[in-house]
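Naming follows writing order (A, B and C), and every chain is counted from residue 1.
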């Protein structure tokens, strides 16, 4: 079920990056609507995991860890969806290169999360993949800070500045949440050691 | 003691909604002062729970869970108080209908939290009440996003935009924190299953 | 190793306060660079603790608690660094007295954290020191709110308002993160009771 949740996460991150590459189309609202469906599918999967947890006697890992993993995966998708919402809510119709780059980093992290979730039962590669996810967060931090500094230098309109700044920040927070997933995975491996 | 903490939370949420309904009165600062007293009472209760935890041998649930529950309840009240502070600090004296609606959702969640805390020893109804709290968070998210989109369309003054946007966001965060309480309650029930 | 991590944290908080006292110098970027080195040193130490945790059979406290303590200490340093970054990224070159005051509160909390970490094996003084850290957070909250209220009254330029407001908020969040460390320490003591 976590494999399914990770696949759904990759679908969301992929759609977000595509949408950010060309937000000027008439289909922006439709794309954000599809992102919402993906987010709901994630919620339903998370809920099924928690219900199953409640009625199963034997689980492969600690119940609490399964709970934490499901919740943290859900958080990543929440911020992916939140970034899409900003596009629609703030009427952002031009391509922002730094936003596309950040969405690319989120997507890369989601793919690594998916690999780490698959590697979890074997344990061996998880810590290396977690470091890779953490590295993605640091890179996103760097990209977002550069984009925001440029914004404060160039943008004269405070209202547009607020919109773009928040989009960069929401994308950067998605990478923070991906790092939180890595921390949960790391602590599962540590406990099992 | 958790029953008392939940009752205090309801008192705070009730006062916040009343204050938001009519922030133009001369008594705004006094109302925010009373909210502060409620927040302090919550802090003291939380602290008593933690001290008692430290000197009691047998507890009805895991010590860690009691700690997490007390902390998360405290977070909800912190954001209820933070919303009141925004009114006073930013000099918001007109009624904002979306803010009143959001405060109504916070209050409904606090009442449901109180029911869930009471149901905790019997276990039976807790998961359903937790879903209800989560539903309140989703509704608040929807209301806050609509209010912020309208703000960006209509408000010309960037400083007023910043003030109102933040009030909506703080109220929405209060509903997130209420959902965190639901997650703690859920995980207590899951462990006990 | 936690003693070393706490000493590194004090170094970061000290450098931040010095930098905020006189951000107009030509050496601002160099100071923020040194802050970045301290932040990296903290990351490396945290990582070493987690790796060691993975290869050690006997630990003085729960593995999960060591993990939580290392992560929460890392969060404080992240926000200390984030405050420094704001100075450089936003080109803030004048001394803001409230920011200096907030940095002084962060530094005082970091010193208390260091004492609490040292007291952890003896247990006796930890809860009192945790209360002191929490008190620092409340004081910072009060200072930040006053500074932001003044900003909204006096500052006409919305873009400068956004910059200064965020600096105050990041500093205030550093004190929240210090309180999170206190909560972890408190829960370690509670478990050991």
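The criterion applied here is as follows: contacts are C-beta pairs under 8 Å (C-beta built on N, C-alpha and C of every residue); 3 or more make two chains touch, one makes a residue touch a chain.
The structure presented is a predicted model; accordingly, all values stated were derived computationally and were not measured.
Peer 1: Edges wherever two chains touch, nodes for the chains themselves; is that graph a line, a ring, a star, complete, or other here?
Peer 2: complete
Peer 1: Taking only the C-alpha atoms, how many degrees of rotation bring chain B onto chain C, rounded to the nearest 5?
Peer 2: 120
Peer 1: Cα centroid separation between chain A and chain B, in whole Å?
Peer 2: So the centroids are 26 Å from each other.
Peer 1: By residue number and range, which residues of chain A touch two or more other chains?
Peer 2: Only 158, 162 qualify.
Peer 1: Quick one: in the complex, what on chain B touches chain A?
Peer 2: Touching chain A: residues 127, 145, 148-149, 152, 158, 161-162, 165, 183, 186-187, 189-191, 193 of chain B.
Peer 1: Within their complex, state which residues of chain A touch chain B.
Peer 2: So the residues of chain A in touch with chain B come to 50, 53-55, 63-64, 67, 71, 85, 89-91, 158-159, 162-163.
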